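Shown below is the structure under consideration.
Note that the chains take the letters A, B, C and D in the order they are written out, and that residue 1 is the start of every chain.
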Amino acid sequence: MMIVMKEGATDEEVAAVVSKIERAGARAHRSQGARVTVIGAIGDVEQDANVESFGLEGQPGVDRVVPILKPYKLASAQITHGERTVLDIGGRKIGGDSFALIAGPCTVESREQTLQTANTVREAGATLLRGGAYKPRTSPYAFQGLGQEGLRLLAEAKAETGLPIVTELMDMRDMDAVLEVADVVQIGARNMQNYPLLAEVGRSGCPALLKRGLSSTLDELLMAAEYILKEGNPDVMLCERGIRTFETAYRFTLDLMAVPVLKELSHLPVIVDPSHAAGRRDLVLPLSLAAAAAGADGIIVEVHPNPDEAICDGPQALVADEFEDFARAVEQAAALAGKELAGTEPVVA
Amino acid sequence: MMIVMKEGATDEEVAAVVSKIERAGARAHRSQGARVTVIGAIGDVEQDANVESFGLEGQPGVDRVVPILKPYKLASAQITHGERTVLDIGGRKIGGDSFALIAGPCTVESREQTLQTANTVREAGATLLRGGAYKPRTSPYAFQGLGQEGLRLLAEAKAETGLPIVTELMDMRDMDAVLEVADVVQIGARNMQNYPLLAEVGRSGCPALLKRGLSSTLDELLMAAEYILKEGNPDVMLCERGIRTFETAYRFTLDLMAVPVLKELSHLPVIVDPSHAAGRRDLVLPLSLAAAAAGADGIIVEVHPNPDEAICDGPQALVADEFEDFARAVEQAAALAGKELAGTEPVVA
Amino acid sequence: MMIVMKEGATDEEVAAVVSKIERAGARAHRSQGARVTVIGAIGDVEQDANVESFGLEGQPGVDRVVPILKPYKLASAQITHGERTVLDIGGRKIGGDSFALIAGPCTVESREQTLQTANTVREAGATLLRGGAYKPRTSPYAFQGLGQEGLRLLAEAKAETGLPIVTELMDMRDMDAVLEVADVVQIGARNMQNYPLLAEVGRSGCPALLKRGLSSTLDELLMAAEYILKEGNPDVMLCERGIRTFETAYRFTLDLMAVPVLKELSHLPVIVDPSHAAGRRDLVLPLSLAAAAAGADGIIVEVHPNPDEAICDGPQALVADEFEDFARAVEQAAALAGKELAGTEPVVA
Amino acid sequence: MMIVMKEGATDEEVAAVVSKIERAGARAHRSQGARVTVIGAIGDVEQDANVESFGLEGQPGVDRVVPILKPYKLASAQITHGERTVLDIGGRKIGGDSFALIAGPCTVESREQTLQTANTVREAGATLLRGGAYKPRTSPYAFQGLGQEGLRLLAEAKAETGLPIVTELMDMRDMDAVLEVADVVQIGARNMQNYPLLAEVGRSGCPALLKRGLSSTLDELLMAAEYILKEGNPDVMLCERGIRTFETAYRFTLDLMAVPVLKELSHLPVIVDPSHAAGRRDLVLPLSLAAAAAGADGIIVEVHPNPDEAICDGPQALVADEFEDFARAVEQAAALAGKELAGTEPVVA
């Protein structure tokens, strides 16, 4: 890391910083500019990644501490020397040249709704089936999901369609039940920094779809992924789902710049969820096309046979009858970025 | 709630909305303006609070749905008819005319550091002792707190000083251990929407200090409080600790407007944490004075006998030797807003 | 507009609001819910658009005032009954089924650079040539553009290539000089709410490319357009160029949701500038593809024969030699959204 | 500045950066860490302040360029060696130990309103009289101010009360008329980056009150001040007036951290405008107390004899009858921060 001293920092202040760096076992390298002194602290990677441990910020004479290395390692593009991670979920590829179309109901509501949606998305070539059994709701008075019964219905849909399942885990105590059904465990945006949950998912070894927090930087998202990877679970995909900004014309602002930038910073696949940012069905197609054209490794969207009757997030659900057309348009946009739909040719696991 | 139709919405579209409202058991009330139709849905409070359950957003012809009632109830100022909640924590009052000075180490590091800090803040008239045994860290490689040993040290500090303890709970599995020591359980900003954790804290009955998420609206903070209150735990204090904005000159932007506005919306006490937003000791005093002058019910700050040696967040810790002066300045600012320091006259529990 | 009263508002407070509405010449329409009263103010469009003129916000007993109609009129989609505006710039169409590829140097630096770039983008089928003679710079010490000499070079490039010119106007005093050369006057993001400048551009009748302010809502962008339209100038295109958010991984966050939403709210063409948000060449292609796939009516990008030598914003300039490939990729993405490149078949004006 | 190379940058890439630095006349200083190379570019101050001119961002192998020196000079705290600038406006001090209470109507509406308000604030000890003759309005249909007639009324108020006048300039063409009346020219938030206007105000020599843009960083605010200072006008005060964030509970989020931080970065006085952020009268007092307690050099607030009848921003105007009490409370809060009201003892100019 580099320590930028204030203009007018005294020799004693500079010496104190140097001494603190050396006590921490790193090497200090002083560089004197026209007006300010900059001190490089050269140590091993762990030290640099952990700027705070030096306790230099706020020291007398210190203007700021500039980290040089990225704070994440296992999630970084460097660790694979530029090779991209491709996940294999029940025979479907996610990442690399494969584009994952992940679709299904926001919430599992009933047997009929679940199976009908599963079949629809299966026929249109979806890669994975998504569906929520446990729903994080802003209001304690809102419907919180069918829970175990929802998981059972997802298991049935999987048996019927062969589609691997993505479903959200919110409460560690539901881990075993969720793992029985899920091929991919989803960590929602609100839990992106729920570290005990991340570590448990890491230990479970189950592939994870990690959503970016509403106001999390890309670095923080990658640090959250690091919590999972560090436990020995290499199967993490990142998901941009809209961030919070000043704009009130939409629920969240979908940040598609995150797609190419995350792919530069990390080897992990990057998925986009256009439904939650928009909150409106009519925006899902243009945003899905944009995500695919920007190079995303997949999208995750909500589909309902009859969105008007949906218990939750109906307005943003694609209509099942129109999903085939949607899938074909997205497929073309993915092709622009050199990707093929992962699920178009069904694979026997 | 009010449903604003689009310009040019057809009679059929209006009728469909009316019918949907009526099927949900509410009364529809149509009002025809020069250009658009607005439909009021008048039902019971639960219905209005739960706008989504009507499934009207995104319906054909609907421009937007405007909720009229606040989505929280137990946290609302209305429920107590304007009376303010005053918490009693081991004989100390929080809320009303009492100003709570909550202070202590960021992280419990050692017996000496903890006891020394506890004694210092006790002598300066602190209301509660804060101290972290479990620390949520962005990096999985950073120090995560002393855990159980940290709790033991806090218990010792409490025995020695009589100060009630505020400490953070991150993992439900630590609940019992934390409850043995904590007089107030802190829910950190990153866990503000960890609903299972909120519900458990609600069920525990232990007073809670709930920090606002980095990008949570005041409504969302109050909804998170509602998760605790709903389980029968009335003892919640809200804590503003800085929000995320575009400004990079500081870690977070302390939002002091939240103080008077939360106090208008809710009967719950409002505490301010100036340390984490600033990340720098020299900003803690002016921000603490500002918080007190704005009418906060208390502040929560970090103190260390030797911040340079702190394991975590040293740069923002107040120096123990200067804490007495700090406390007296804050006391004067609180007096401006008509409040007295809760801890100045030690109370026998 | 609707006036939502507070819970517990008195009859007198309700009556005062009603009377204020009626004194303003509108009709008041009272609707009594389970807990709160809502009053509709039904008047002519001007009144509704100008909520503030009623002076109801902050009145005793008033919780909030909810505008019903959009505050802009001439910019609204309703005014053309859903028909989209197509600008004709020297025979090139912008809007509708035409996709405008606007390209050229960030800053006009020299005759050679300008003519070379103009020829390159002309050959690749660009619709318009962009180039800055006057540059708004954060620092007063930075290069501020060639001024009149820059305009002269743009005129020469136009004569040589036939490409219409887009160039920025910052200072009203340069209006005449700029109008002599410009086919489209650009209003930069920093001047989006420079109302005297907007009004003058409106009066000039010259087509305008209006960039969204760094933190302007879509409504504010449309209100800024309204300032131009109101002076009788119907030729305005809107430009999304990145907004300011908490994310520090890029200069600005490109908001591609603005594309479909602006096209729903307004009849005006919507252009995207991916270069300034990214600040990096390698992001310009994926973001341009995404913009086109999302349905934008065009993009505006920077091109330089030798970006390393560029005086300004070199890192984000596309390399002239690679522009042909870039243009073809964007053309395909625009085709996905049903659009054809406006400039591919040169048009005789 | 420091150039951080990417991991794996080649020797050629490092050499190219070094050569570019040297061609620009600066000295390159290479420092090799465990994983990455960092290159310091050591030159004169102008070079460092103008990072962009090196054209290093986006160069092959470059990860990022970290500026070391602040980009502003005349506005920086260093230039006065820590001494604070104190403005003298018609005998009133602004800055240092003086606290400026700037008050008056949002908009000059009528002779009676203006004179009555001026007398009220004069009697309560205000330092300056504020009042708008030209109003920047989001809507072109809203009242735009009385213009020249407004200026005339302000001149009359000044003659009657002796209070120096602060009034906004939006359009350079009104400069002469405004300068005839104004003791301080206000640059509104929307014009903070209207560089031609800033430069003209700089050349005029008239003291300026410069409001922070809605989403401007502190660095950008100081750069805007630099535009004025650079023209030889040393009399600039900075004004925090609320920034744009995700929070919708208030119009803008007042950023009081800006007060101590601006005072650390710059020698210029820092004023706070609590009225526009709040948009509500009841928040103006707590926010004013907070601003004063945080160490602001003054506040600027709106007062109206009868806010219900105000043409513009009535809900946020303090009631004239209550202004005396308001002034006394603010005076006490300023005293906490060691400041005295500048206008309490009227000064003969």
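Here, a residue touches a chain if its C-beta (ideal position, glycine included) is under 8 Å from a C-beta of that chain, and two chains touch if they have at least 3 such contacts.
Predicted model, so just to flag it, every value in this text is computed and none were measured.
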Furthest chain, CA centroid comparison against chain A: D
Of A-D and A-B, whichever chain pair has more C-beta contact pairs: A-B
Rounded to the nearest Å, the gap separating the Cα centres of chain A and chain B is 27
Whole-Å distance, C-alpha centre of chain A to that of chain D, is 39
What are the residues of chain C that contact at least two other chains? 215, 244-246, 248
Once bound in the complex, which stretches of chain D touch chain B? 215, 217-219, 243, 245-250, 253-261, 264, 277-278, 282-283, 286-287, 289-295, 329, 332-333, 336-337
For a test of understanding, state which residues of chain A touch chain B in their complex under the given definition. 20, 46, 49-50, 52-53, 55, 57-59, 71-72, 136-143, 170-173, 190-191, 193-196, 199, 214-215, 220, 223, 226-227, 230, 244, 279-281, 307-316
Which of the residues in chain C end up touching chain B in this complex? 2, 4, 7-8, 29, 31-36, 38, 40, 42-45, 48, 66, 68-69, 78, 215, 244-246, 248
